[in-house]
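In this document, chain identifiers A, B, C, D, E and F correspond to the written order of the chains, with residue numbering beginning at 1 in each.
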Amino acid sequence: MTIILTAILILLSLALVFGVILGFAAVRFKVEGDPIVDQIDQLLPQTQCGQCGYPGCKPYAEAISNGDAINKCPPGGQSTIEALATLLDREVVPLDAEHGEEKPKTVAYIREDECIGCTKCIQACPVDAILGAAKQMHTVIVSECTGCDLCVEPCPVDCIDMIPVPVTPNNWKWPAPVSDPNLILTDRGRGHLLQEGSK
Amino acid sequence: MEGLLYSIRKNTLGIGIFAAVTAGLIAITQVLTSERIQQNQEAHQARILYEILPRALDEQLHQQTIRVPAPELGLHEPIEIFQAIVNDQVQAVIIPVTAKEGYSGDIEMLVGIWNDGSVAGVRVVSHRETPGLGDKIEVEKSDWILSFDGLKWLGDDDQRWNVRKEGGEFDQFTGATITPRAVVRQVAKTLEYFDLRKEQILRPSIQLNRVDDDE
Amino acid sequence: MTRIYSFHGGIHPPDNKRQSLGAPIKQAPLPSRLILPLQQHIGKSATPIVEVGDRVLKGQKIADATGFISAALHAPSSGTVTYIGLQPAPHASGLESPCIVIEADGLDEWISKKAIADFRSIQKKALLDHIRESGVAGLGGAGFPTDIKLNLGKDHIINTLIINAAECEPYITADDALMRERPDEILKGVEIIAHLLEPSKILIGIEDNKPNAIKALRDYIREYQLPIEVVVVPTLYPSGGEKQLIQLLTSIEVPSGSIPADVGIVCQNVGTAAAIYRAVELGEPMISRIVTLTGFALGHRQNYDVLMGTPFSVLLEAAEVDRDKMFRLVMGGPMMGISIEDDRIPVIKTTNCIIAATQEEMPPAPPAQPCIRCGMCEQVCPASLLPQQLYWFAKGREFDKARHHNLFDCIECGACAYVCPSNIPLVQHYRFAKSEIRNEEAEQQKSIQARERFEARQARLAREVAEKEQRRKERAEAAAKEQARKKLEQDQTTHATPNAEAELKKLKTAASVARTKLKKAREALKNAEDKDLDGIEKLQATVAQLEEKAGEAERAWQDASGAKQ
Amino acid sequence: MNEFLLILISTVLVNNFVLVQFLGLCPFMGVSNKLETAMGMSLATTFVLTLASVCSYLVYRYLLVPFDIIWLRTISFILVIAVVVQFTEMVVHKTSPLLHKLLGIFLPLITTNCAVLGVALLNIQRQNNFVESIVYGFGAAVGFSMALILFSALRERIAVADVPVTFRGAAIGMVTAGLMSLAFMGFTGLVRV
Amino acid sequence: MALIHLSSPHVSKANATNRVMRLVLIATLPALLALTLFFGWGSLIQLLLASTTALLFEAICLHLRKRPVLFFLRDGSALVTAVLIALAIPPFAPWWIVVIGTFTAIVIAKHLYGGLGNNPFNPAMVAYALLLISFPMEMTQWNAPFVLLGDHWSVLASFKDSLIIIFTSMNQTLIDAYTGATPLEVLKHRSGMTTEEVWRNNPVLNQGVFAWYGISAAWLMGGVFLIYRKVFTWHAPFSMLVTLFLLSSLFYAGDPSNFADPFVHLGVGATMMCAFFIATDPVSGATSNKGKVIFGIGVGALVYIIRTWGSYPDAVAFAILLMNLTAPFIDHYTQPRSYGHERANRGTGGRS
Amino acid sequence: MMNSEFRKISIDGLWHNNPALVQLLGLCPLLAVTGSVVNAIGLGLATTVVLIGSNLTVSLFRQHIPTAVRLPIFVMIIAAFVTAIELLMQAYTYELFLILGIFIPLIVTNCAIMGRADAFASRNPVPASIFDGLMMGVGFTIVLVLLGAMREALGAGTLLSNMHLLFGEPARAWQITLVDNYRGFLFAALPPGAFVGMGLLIAVKNLIDAKLKNRTQNTTSPSTETSSSKRVRITG
């Protein structure tokens, strides 16, 4: 019986000491603030399209820091997911198809002769990328448009198209070399395949 | 300040309660099992001893030890030798020794010796020899270790105490000479030591209770 | 004698220069159509200052430099501007880019030349402006606008002027031919450069495989009162790379991310020097250059003096191409040039060589094998990079790491790919990685911009809401006062509130919104029915609901407006 | 001195905690994807492991043995470790953001690293004295760190390799750890303990 | 004719990985010859067996991974691996040893990681180490060289008998007849004798050691040939040999009765083979020149340490594997200074 | 409702979120003691009991545990169970206890348990917690036994040897000898073999997962347009 009591007493005293220490530390060394949200926000594409189910990128960043999945942003695509996974030390997962799929980058284009100048699109654009005033035709500032397509739906005359960003020598990207071995088994060599690949 | 005290009180209380309960739980288990555990431990220790010497010879073998200095075996500390005592006479002893020349590390053994100097039995307690090669010194793996039984040490020029490859009488295992050689040499050394310290080793550590037993 | 140092790595590809040195420089035929891309240089595209239908004279400026780093463009011959727009142009992408097309009239009529008789007598600023107006851009490689490189007096002190005469790439002999035949032009150009930069010494770096050119230059040097020395360097590709040549001649390394001027050096190509001379002393803007036509698919392999804008096809015909044998058409050298799919593209300021190669000459690379980390690439890399690591990172899309391994210090010289036993198209991997990184950066930039604009908008909206609220309050107060006043007056009027108009408008929009929604839903339903997708019932329900709502909204509006009337 | 060297060699190479004794495998597999994180984890583990060695020795020697309740060792050790870890985490978090960035995120993970408790228990089993305990704990930590850091450098290389899909990730990680362990078998016998 | 569109460069040195591998194979010929001369037909048989099975496993793996089989088979790397395994194991090891070895090397050490170029560990050495720890008995029964065999040499000299030994179950008396300890084993398990005594008493050393020297010379020849043909640089082999030489001289000079002399360390065992054929494996080694030097020093030091104080008779496989696993780390810290980066001679600054 | 929750818990524990194969937790004992099936079963049972016990306790008191000392308390609860098991094993299966050695007390840190107490039991009601403990334990044990069987068969050529250590003398006869006079493939018995074996098990799981995924993909038609279903309009 004594042994039981000693055991309880010893462990109790140990625990009490620790309890005091941790209780003290919990108050004394309390830390506020959570810069992680900003870091997450930095990684999101800022398309502000709402496809993630949150009104804008920042709210989604907050949601992620509170544990939401990192695969809900289609404009960011896989590369954003990977960056987030690295930042948060989470597993890389494929894009959640429920929120849409990764599409090529687009910009809005307003067919000006059809535009009736209703300003609905201006109100819809989260980054103020549409110029124009009531009753005048509107144009999109291509360099500012994030391609979120939020302006498409409100347009009463459906004069806004989302067109893929045109490729020019200035924004053209070198393609990755055709992935090594699988294709190239003819003795015609890599050249021909590259040519086919480049078309 | 208020918050600090509250925090300390809350946390301490929480951790304290759990500490008390868990400690109690463990303590009770301990109390309930301690006896059985002790039995197990003793039985385990004694098991090998009684493999070398039959339990019938002396039930108390595992409790009767005598400390004998062993500079001859290269040890600074005396070793504890088990004695099987029948009628106040030490019938046999079991000497724990370590073979240092194993293939990879020490080989700990028990060497049982009848009081006439012949081997009662040898068992390996622990070793780190290569499984499948050096581990044939375990009695579970091979009968090799039994080949010592009954042999004696005939003095310095006894050529039998070596592996066959080097002119001795003991088989080496295929592909492994070092382990058996280490064991053989250590057993021989132990026998030599026994010869040297026979007097001391064969002096019974306990006498009285045996007489009572016999009656 | 200046000591010669060395740079890391380098290779010795077979130089194949002899073929095109058999004959002197020949005047290329005047084509009927001249195509002039607006971007032939590094920097911003030039801005056209002519219009379709304009007649232009030879040497007349047709496009202005835009912004700081840019170069002007001149008509290479007299004729009519027939088109301004997209045309195939020399670019690795093979894409079309904006060009001015001139239909040559064959008269080759010069505009009046504005030569500067004594360049020492005018202000440096005016001299530089003149060079800028003449559209001179580097002829050695990247086509960097030359006036900017020469306009360093303000923030840099130049100790050394290096004239790049190395011409290290196989096949190319344009500079060699120029040095043999017009060494005086080069040295006169150097004189002008030296006047502008005031270097304490001038080194002409030239590879030892051009003995005639070395001799020609040395012969002429004596006539100039300049601290010039012709330094012969061993033939080793890429000794002509700007950074490598600087290291060879001075042992100085240009720090990563800096320009040579930061270490007191400027490097100009011999051709550029000659072009400066022509622009300044002859008043001829940069409208022609020397181009090496070579490769075994050609009947005549030699150097031509070519007008900018001359389509390759014209030159190939002049050199008696055998189109059946021509397998690969390269603009530039075999190590760094770009391959051309369409021979209608024109010669531009940076076109130093056109190789029409047969299949035996430049066979397609064998399929790439896996990298075995043999390190041969590393041994030859003139930038002391780890090409194999860069390759693994580029392939594994680990761009951050590629960057840490100094991907952006790669000069794309191709030495690594040349020696790689596994035939890996290393340079393309790097180019791919570089463009991905640049793209990512641009996107990052864009996203920051988008965030700022979004936040600005949110702030604006918040402000507007606040203002509205404020106004509403004020109005309410006013209304309250009014009411009080009215009450005081004990006036009795009808129910028409001042807000009725607004109410009505709201109802109207609501109705129209409901209508659009209904329309959309119907469309969706139709679409679904057409394609027989699931969820039709749901859609039908929605449509019914919307119909109801739209009807309601319509009625409400009608009522309201009716009531008003 | 010599003896401490032997303990070090033994714990770092011959009986490497991770590869031979199988302790601390979860963080070994878990935080070895990047070299930098592995280094952070190594630092944190080295710190905690050494400290835990000391604390547990003190608790054992001056509390458990005198009161004859050594069967409370597991619970008291783990308690000590948990508290040490949590306290360190709190302090570091508050006082040095830099250090916290370096170590902070790993500290909580360490409680669940069985190398820490393992060291405490092995110290008793091997009847190490105070200084030996420290050296043993430190050696164990160095062994762990070395294995972890080398492993993470390897994994970075494997990450860009063309590993068959089925094996990508944890599976090839395990195989690699196996081959590392095979390599470490070369040290067998260096120290005969 | 359609013109093709490619990234530069448009020319390349005619130089192929399979040519490199072929050179390596050629360079192993002297060693094969020497092994056959001194130890019988065993090595040749093992080599044939290893080559066939390695190619077979390689083909199966490639097929399973849906890669073009013939294209990759032609690169010859599987053959190099096979040859090195075959020449490293005892010449008369039973056939299944070789088969397990090539399986381990090709399937586990190579293709699980993605095949040629991707494997972090040297496949042949993974196989060797695995065999050694799994089958220590078979793996330590080296033939005694002909000189020491007396009557039994005829068994080894006969091709047919050799086949029988390898392919049918082992006959213990026969084995005992032709096997003998290797010099390193003799020196290691000397049971208390001084180095000099061992040399004097043991025929393996005072008569047989020349067989091992001969084989080392053959490996060396092959290695020098490969350096001459620029298949690899001198860094790794040279630094390894120098380290081993220095360490062994140091200890030998300090205590000649307990340590083996440097020439034994360089001349017996797999030292030369390791230096020129294994430490130079480009795939699993360090990449930069500095890295290769460190790699070589590491291998040399580990070989000496493990040989002298460790359990295993020869240490090459473990030393290589241990350094393989540090190679990425070495690479990480031996990035060369790139052009225009820190510590460069940047001249007199020009910004005024 | 209830049923589907339990189903999910079991599928999670046994497959999708298996502590050993997926979460890679509890690796140390997993690799250290799987030289034979009996060790594996012994450790697996011990772990399962501790998991159930600690989950139960934590879940019972989950509302009353102050957060600052949350971890120490969890750890203490688990340690108490482990020590109890340890003592019981010493009392009733002493030989097995000797073999498993230090890995019995190490069940405490065995991350599997830590994770469960914190991640599951502290947030779920009692029955679910118990069931979760059971399923996680069983999932873990299955992997242990598989690996144990693999290594025992390859390393020693037997299966179920020494079962008497756990189940008493009659179980001695359960031993199955796969190959007579087996030479033993030592690699499997040594540490490297444990790692590689585990790697192979994980790979097999990946393979099965891939196959399953393929099958489900083939049976369900390509998903209909759902892309905008979750979209939120953030403006006008």
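Everything that follows uses one rule, which is that a residue touches a chain if its C-beta (ideal position, glycine included) is under 8 Å from a C-beta of that chain, and two chains touch if they have at least 3 such contacts.
Given the structure is predicted, the values throughout are model-derived calculations rather than measurements.
Common neighbours of chain A and chain E under the contact rule above are B, C, D, F. The greatest centre-to-centre distance from chain F, using averaged C-alpha positions, is reached by C.
Ranked by C-beta contact pairs, the top pair of chains is C-E.
The distance from the centre of chain A to the centre of chain F, with each centre set as the mean of the Cα atoms, comes to 36 Å. One simple way to say how far apart two chains are is to compare their mean CA positions; for chain A and chain B this gives 68 Å. One inter-chain figure worth recording: chain E and chain F are separated by 41 Å, centre to centre, where each centre is the mean of the chain's CA atoms.
Residue positions 2, 4-7, 71, 108, 115, 118, 130, 133, 136, 311, 331 of chain E each touch two or more of the other chains.
For chain D, the set of residues touching two or more other chains reads 69, 71-72, 75, 79, 83, 86, 157, 162, 167, 172, 175, 179, 182, 185, 188-189.
The set of chain C residues touching two or more other chains comprises 92, 94, 341, 364-367, 369-370, 395, 423, 425, 428, 431.
On chain A, the positions that touch chain C within their shared complex are 41, 44-48, 56-57, 79, 126-129, 144, 146, 156, 167-169, 171-177, 180-181, 184-185, 188-192, 195, 198.
Listing the residues of chain E that touch chain C in their complex gives 1-13, 15-20, 71, 75, 77, 115-118, 232-233, 282-283, 285, 287-289, 292, 331, 335-341, 344-352.
The residues of chain A lying in touch with chain F in their complex are 15, 18-19, 22-23, 25-26, 48-56, 72, 74, 97-101, 120, 123-126, 150, 154.
Every residue of chain B that touches chain D in the complex is listed here, in rising order: 19, 22-23, 26-27, 30, 103-106. Residues 3, 6-7, 10-11, 14-15, 18, 21-22, 25-26, 28-31, 86, 89 of chain A are the ones that touch chain D when the two sit in their complex.
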